[in-house]
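You will see two complexes here that share chain A, one where it goes with chain B and one where it goes with chain C.
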Partner chain A sequence: MEPEIRWKDRDDLTVLDRSLPRVDAVAKVTGTARYSHDMRLPGMVYARLVLLPWSRARIQVIDLAPAQALPGVVHAALVEEDKELVRYLGDDAVVAVVAAESPEQARDAARAVRIDWTPEDNPLITREQVSEEDASSLARRGNVWQSGERGDEDSTQRALQGALVMVEAEYSAPVQHHACLETHGCVVDFRGGDEATVYASTQAVSNNPRSFARALGLDSAQVRVVCEYMGGGFGSKFGIGLEGRVACEVAKALGRPVHLMVDRPQEFLMTGNRSGTRQVMRAGADRDGRIVALHVEADKFGGVSGGSLPTPPYIYRVEEAYARIHTVHAALDGNRAMRAPGHPQASFAMESMVDELATELGMDAVEVRIQNLASETHHRQLRAVARAIGWDQHPFRTSPADRPLESHERPPGCPAAPPGWMEGIGFAVSQWGAGGRRGAQCEVRIESDGSVTSSCGVQDLGTGARSYVAAIVAEELGLERDQVTARIGDSALPPGVASGGSVTTGSVAPAVQHAALLAREAMEERAVAVLGGETGGFSFERGRITRKDDASRSITWREACALLGEEPVSVVGSFQRELHQGGVHGAQAARVAVDPMTGRVKVLDMACVQDQGIPLNRATVRSQINGGMVQGLSYALFEQRVVDPDFGAVLTANFEDYKIAGAKDIPRMQPIIDEGDQRSAVMGMAEATGVPGAGAIANAVHNACGARVRALPITPDRVLEALGRKG
Partner chain B sequence: MTQRPPETSSSAGVSRRRFLQGSGTALAAGVTTSEASSSAGPAAAPRLSGEVEVTFQLNGEARTALVEPRTTLLSLLRHHLSPPLTGTKEVCDRGNCGACTVQIDGAPAYSCLTLAVDLAGRSVRTIEGVGSPESLHPVQRAFCEQDAAMCGFCTPGFVVATVAALEQEPQASLERVKERLSGNLCRCGTYPHIFAAVQEVTGQRTDEVFREEGR
Partner chain C sequence: MKPFEMALPRSVEEATRLLPDTIGDDRARLLAGGQDLLTEMKEHLVEPDVVVNLKSVPGLAGIEDEGSAVRIGALTTLATLEAFAAQSPFEGCERGFRMLLEAVESVASPQIRSQATLGGNLNQRPRCWYYRMEQFPCLKKGGTECFSYYGKNRYNAILGGGPSYIVHPSDLAVALTALDAEVELVGPTGTRSMLVEDFFVLPSEGDPLRETRIAANEVLSCVRIPKASMARKSVWLKFKERDAYDFALASVALSAEHAGDGSYGDVRLVLGGVAPTPWRCHRTEKKLLGREPGEDASVLAQEDALAEAEPLSENGYKVPLTKGLIAQALLRIEEVR
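Right after this comes the complex of A and B.
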């Protein structure tokens, strides 16, 4: 008999919807968590890729002999025989691989490979360069092609002409790197024969065996992929990549385990990125602040890939909208999925435009948003973040500040700008589909000694997946969370899903809950034998199983498990549609300080209200919200890939040139779980939290001093330039 | 060879081919962001040979290791010790990110910028020497309580940097803590949780760092 498929009522939860340390916290804070980087196997060699860091290089000679002659070097090979041209600066620029007994020797060998090459005349970096008449083609459809169109251009033009106010502006966002702290790569344990284990830094454990098997010449069933811990993915670690395929080639050639993690500069050059954009917008609004028309022409800069940008209008309701999007290729690394691909770019432009219209109309920045957002959830959330950030006390709600704030104009406890700095507040919203997909399974095993294991092959990118694989089962069985052992990150376990689109929780948690319900029913069948009653008639609370109709009839968890004898409970749950939902909403607000003398921007305070159905663990939900805000702040103020267009070289391939937010950049943060969302379902929310930050900060900069910076990152020179434009 | 291309725009008419041709290998070695991708010939790869014996204290025990002069402390820990100590992470390998932070004679240090031969007679503490799963250091306990680790890759470096900071300044203010942790990077965005953990250890208010209503 199938148990009723449901989550417990919110009020009855004792493990979920609580703030609990994640189950692997101790492993992480003690350094005992082992990542792919940390695998050390008997006989293992260290492999290193040789990458020529120039776009469009014509190769004359690659001489491996000097590398092969060095001590400790066991392997040196071309990645592609007779390669004549580096088509783009990305994985196509990897020309050779070397392997040696130690990492130092591998580095020597990589350095010793001799490459004679000459540059092609056109490095194919800028829009102008790739558009030249004789430019080589980087893609089947040409270097610049229309990749999206929506709406009626004529009626949009007419609506624009009829609008009370009209704003025209160009917004741009640079290419952003994932910058995972653990670089891409894997350790391949294949010593010949018909089985292999790969320790991969991946966000798709259950999907990877197929790709590794193909590279090793084995069947999927012969390859086990393990990823107990991984140091960040953010969308860049789905496939096994060139580095995975090359590692397999080296292992096949040597019959020894191979450690191949790309180095930090290679991580910046060949493992994907968030595409850049340029969006030229014209928008019109009526007297009440309703957006009546929006015309968008956009370019996506995704290197050799297509780039990402949801077709405008983004989130906001617009009466007449027209958008035309072009993909502009360059001879650079292709973009990959990155935490809400395309959305932060779209959000920055749309939220800036909404703000510009509000300024033209002299309207309140919150009210104009509520006017143009369809969802009541957004309305509620905007009011909540406005309260949290101190909008009500703020004296400059309809036009930029013209003087520094006084202390009574902030809420108590709110961080203040340094003396002489201007201060402003900005807003933005998010929404995300999330949802779930079929395919995830979970096995729950209960042994006669009372121990419980919950197993699913899903990976934990740092979201807390491992914790809920245990917590959900503990909740249903009336146990403490730590009485259940979670096993994840192994393709030999029941399958998980790839972690993309914030679907992991919506896909995996329902399978875990289903397994928990099946396990509970199996235990009830055993309990009937000693307590009487019937299945479905028991409560599982605080380590006891009790008859609902007769509270005097109960046994402890351990007593119940002892009844199992030699027959442990082993049940497998699968994805259950009714346990998940899609559709999350969020709103963010930022309070910034701007130094009008230097153009420096400092974020003082950020607030985010986010819904997500049942919060499986309030601590990890808060961490996701804060993480999204921090990444939004970093994108808004600091991150920018810089490419030299004359030489086709990336100039920002390590953290000294590519700045990400650090400790001193972090404001006070207010991660607010939306208590107004009482849906009895689970859903992921991580990507939504990374979307609105840049727009909110850009709008706050304008509110602080009237500087409208339309290009990310908002650097001091751009702030000063915008202040100068303002006059 | 540290020559960099001049800062010109493509409209300046610099011919890429003319500029790079013939000097292609030299430029590749100079501008490249990765020594692995250098194209210098064999003569340009000088190697220091021979190993040196170095004796130092590692997590309270005397250790003697044979190292090449160019071996970093980070590589010694992760690759050349038996068994290796892999809690200390390699992220940038050039002193940008702090993931490899250890304590040397109590002070925080980037192990990727420290040569192992320089350790003679000195005392090194790594994350493995800070605490163990059975016996957590108060800083580690606070990191767990405040959920100060997401993917966890930067975490050992942050823990060691925090321990070093609080040993030197037990009542550090929030501003001082941020200053002292500014050599460490986290990509997931755990910073506010790390600050809250520090505040917990120093007995200061955590709501300065972030506020959360409810449970």
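Right after this comes the complex of A and C.
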């Protein structure tokens, strides 16, 4: 008999919906957690890719001999025979691989490979360069092509003409990197024979064996992929990549385990990115602040890939909208999925435009949003972040500040701007599909000594998946979380799902809950033998199994497990549609300080409210919200890939020059779990939190000093320029 | 990394004998905290055969009261200097140490400050993108071109540039210039001292391969700051794009004495992050003498200090930014007690 598929009532939860440290917190902060990078196997060699760091290069000679002559070098090979041209600065620029007994020897060997090459005339970096008549074509459809169109242009033009106010503006966002702390790569343990284990830094443990098997000439069943801990993926680590395929080649050639993690510059040059955009917008509004028309012409800059941008209008209701989107290629690394692909770009432009219209109309920045957002959830959430950030006390709700704030104009405890700096508040919203997909399974085993194991192959990207694989089972069986051991990150375990689109929780948690319900039922069947009653008639609480109809009929968890004898419980749950939902909403507010003398922007305070159904662990939900705010702040103020367009070289391929927000740049953060969401279902939410930050901060900068910065990142030069434009 | 020999001299004199005679000869290089040298070696910007480790020389670290001056050994770590400046144990030097503390704290990260030394900080090489990338054979590496001039130059020089447009990355050089500090240089044939201000050299004044007047076989052994300068009111402002670990887009070290009537007496105004050397504004200093602090003096100082600025294609913002910093420094110094 199948148990009833359901989550417990919120009020009855004792492990879920609480704030618990993640189960691997100590391992992570003490460094005992072993990442792919950390794997050391007997007889292992270190491989290194040789990358020619120019966008277009004609190759004459690649000479491996100088590398082969170095001490410790055991392997040197071309990645592609007879390669004549580096088509783009990305994985296509990887021309050779070397392997040696130590990482240092491998590094020296990689550098010793002699490459004779000459630059091509056109480095194919800028829109102008790729549009030249004789420019080489980077893609089948050409270098610039229309990749999207929606709406009726004529009626949009008419609606624009009829609008009370009209704003025309160009918004641009740079290429952003995933900047994974653990670079891409894997350790391939293949010594010939018919099986292999790969320790891969991957977002798709259960999906990777097929690709590695193909590269090794094995069947999927012969390859085990392990990723116990994951040093960041953000969408860039689904496939095994060139680095994975090359590692397999080296292992096949040597019959020894191979460690191949790309180096830091290579991580910036060949492992994907968030595409850049330029969006030219014209928008009109009526006197109530309703957006009546929006005309958008957009370029997506995704290197040799297509780029990402949801077709406008983004989230907001617009009566007449027209959008035309072009893909503009460059001879640079292609974009990959990156936390809500395309959405932060779309959000920055749309939220800025909404704010510009509000300014024209002299409207309150929150009210104009509520006027144009269909979802009641957004209305509730905007009011929540407005309260948290101190909007009601703020004297400049309809036009930019013209003086520094006084202390009574902020809520108590709110961080204040330095003396003489201007201060402003901005808003933005988000939504995300999340949801779940079929395929995930979970096995729960209960042994006669009372131990419980919950196993699913899923990887934990840092979201807390390992913790809920244990916690959900503990909740259902009335145990403490520590009484359940979670096993994850191994393709030999029941399958997980690839972690993309914030679907991991919505896919895996239902399978774990299903397994927990099956395990509970199995235990009830054993309990009937000693307690009487019938299955479905027991409560599992505080380590006891008790008959609901007779509380005196009760045994402890250990006593119940002792009844198992030589027959442990082993049940496998699978994805259950009714346990998950999709569709999350969020809103953010930022309070910033701007120094009008130097253009420096400092974020003082951020508030983010996010819905997510049942919070499986309130601490990790808040942690995800904080992470989204930090990533948004970093995108807003610091991050950008810089390319020299004359030489076709990336100038920011390290963590000194590619700036991400550091500890001192982080403001007070208010991660707010939306208690108004009482859905009895699980869902992921993390990607939504990374969407609105840049728009909120850009709007706050304008609110602080009247400087409308329409290009990310909001660096001092741009603030000063915008202040100058204001006059 | 190219294999190298590590030499462990027991004295500064011995160290100097291990060094080459000519600039650009990188067969031997000095190692102090290693925060710059090791990066340069890993990036193959220098590939010495011999690394001369100054840590084996006794007595190069430490801060002493020499009576009329404060002596800071070249191997004093920035963390030590930071802690010492916070305590400020020498009488009459409180103001100077407070400014030095602000400057030291603005450098890099706590981890780097725990290893980096004062001597290494003054002798560090530029951070220009093109210099730091092995693939660009720039002027600073013996090439013929400064790629930043036509290329990406948002962090490069607006003053004193040409033929190289680097900015000098040392914050302490700027702060120490404002305090009239001297460096002591020990060579095989003797010891000489010069003002920190004179220690640095513009690319147009000589060899673009170097940023200072130190000879190839000299060792910077210590810095001396006159106590009279430490007694002046001083402020340090460093503008970073991000607060955590960043070099200056611009910085200002201002040190001044006020006359009895409140007007500027003695003034030092030094800019950082805008020129290939710490940029002392002598003319502006003179113009401020005898003037009352206030809006007029501030505008005069801002305009005069940047009058010769020649921004490149992407760094024009540094002009208003630096003016803003000067204005803030002039306001701040009035609050110094």
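As a working rule, the second predicted complex is superposed on the first by the 727 of 727 C-alpha atoms of A that agree within 3 Å, B and C clash if a C-alpha of one lies under 4 Å from a C-alpha of the other, contacts with A are read in each partner's own complex, and residues count from 1 in each chain.
Everything below uses one rule, namely that a contact is a pair of C-beta atoms (placed from the backbone, for glycine too) under 8 Å apart; a residue touches a chain by one contact, two chains touch by 3 or more.
Fair warning: this is a prediction, and the values are worked out from it, not measured in the lab.
*Asks:* Could you let me know whether more residues of chain A are touched by chain B or by chain C?
*Replies:* B
*Asks:* With the two complexes superposed on chain A, say which partner A:Glu656 touches: chain B (first), chain C (second), both, or neither.
*Replies:* both
*Asks:* Tell me which partner A:Lys83 touches in the superposition: chain B (first), chain C (second), both or neither.
*Replies:* In the superposed model, A:Lys83 contacts neither chain B nor chain C.
*Asks:* Contacts for A:Arg544 in the overlay, against chain B (first) and chain C (second): which applies, first, second, both or neither?
*Replies:* It touches nothing on chain B or chain C.
*Asks:* Is A:Arg111 touching anything from chain B or chain C once the two structures are fitted on A? First, second, both or neither.
*Replies:* Both partners.
*Asks:* Figure out whether A:Asp644 sits in contact with chain B (first) or chain C (second), or with both, or with neither.
*Replies:* both
*Asks:* Quick check on the superposed pair: does A:Thr32 touch chain B, chain C, both, or neither? Answer first, second, both or neither.
*Replies:* In the superposition, A:Thr32 touches chain B alone.
*Asks:* Who does A:Thr715 touch here: chain B (first), chain C (second), both, or neither?
*Replies:* The second partner, chain C, only.
*Asks:* Should A:Arg600 be classified as contacting the first partner (chain B), the second (chain C), both, or neither?
*Replies:* In the superposition, A:Arg600 contacts chain C only.
*Asks:* On chain A, what residues does chain B touch that chain C touches as well?
*Replies:* 53-54, 104, 107-108, 111, 644, 646-647, 649, 656, 661-664
*Asks:* Using the touch definition from the top, list the residues of chain A that touch chain C in their complex.
*Replies:* Within the complex, chain A touches chain C at residues 53-54, 104, 107-108, 111, 420, 595, 597-600, 602, 637-638, 642, 644, 646-647, 649, 651-652, 656-657, 659, 661-665, 715-717, 720-721, 724.
*Asks:* Per the contact definition, I'd like the list of chain A residues that touch chain B in the complex.
*Replies:* 17-19, 21-22, 24-35, 37-38, 40, 46, 48-54, 66, 69-70, 93, 102-104, 107-108, 110-123, 126, 128-129, 179-183, 229-232, 234, 263-266, 268-269, 413, 461-463, 618-620, 622-623, 626-631, 644-650, 653-656, 660-664, 666, 668-673, 675
*Asks:* So in the complex, the part of chain B that touches chain A is made up of which residues?
*Replies:* Answer in residue numbers: 5, 8-10, 12, 14-17, 19-21, 24-25, 27-28, 31-42, 45, 47, 68, 70-71, 75, 78-80, 83-94, 96-97, 99, 126-128, 130-133, 136, 140, 143-145, 147-156, 159, 177-179, 181-182, 184-195, 207-215.
*Asks:* Can you list the chain C residues touching chain A in their complex?
*Replies:* Touching chain A: residues 1, 44, 127, 129-130, 132-133, 135-136, 147, 150-152, 154, 239, 241-246, 249, 314-317, 320-321, 323-325, 327-328 of chain C.
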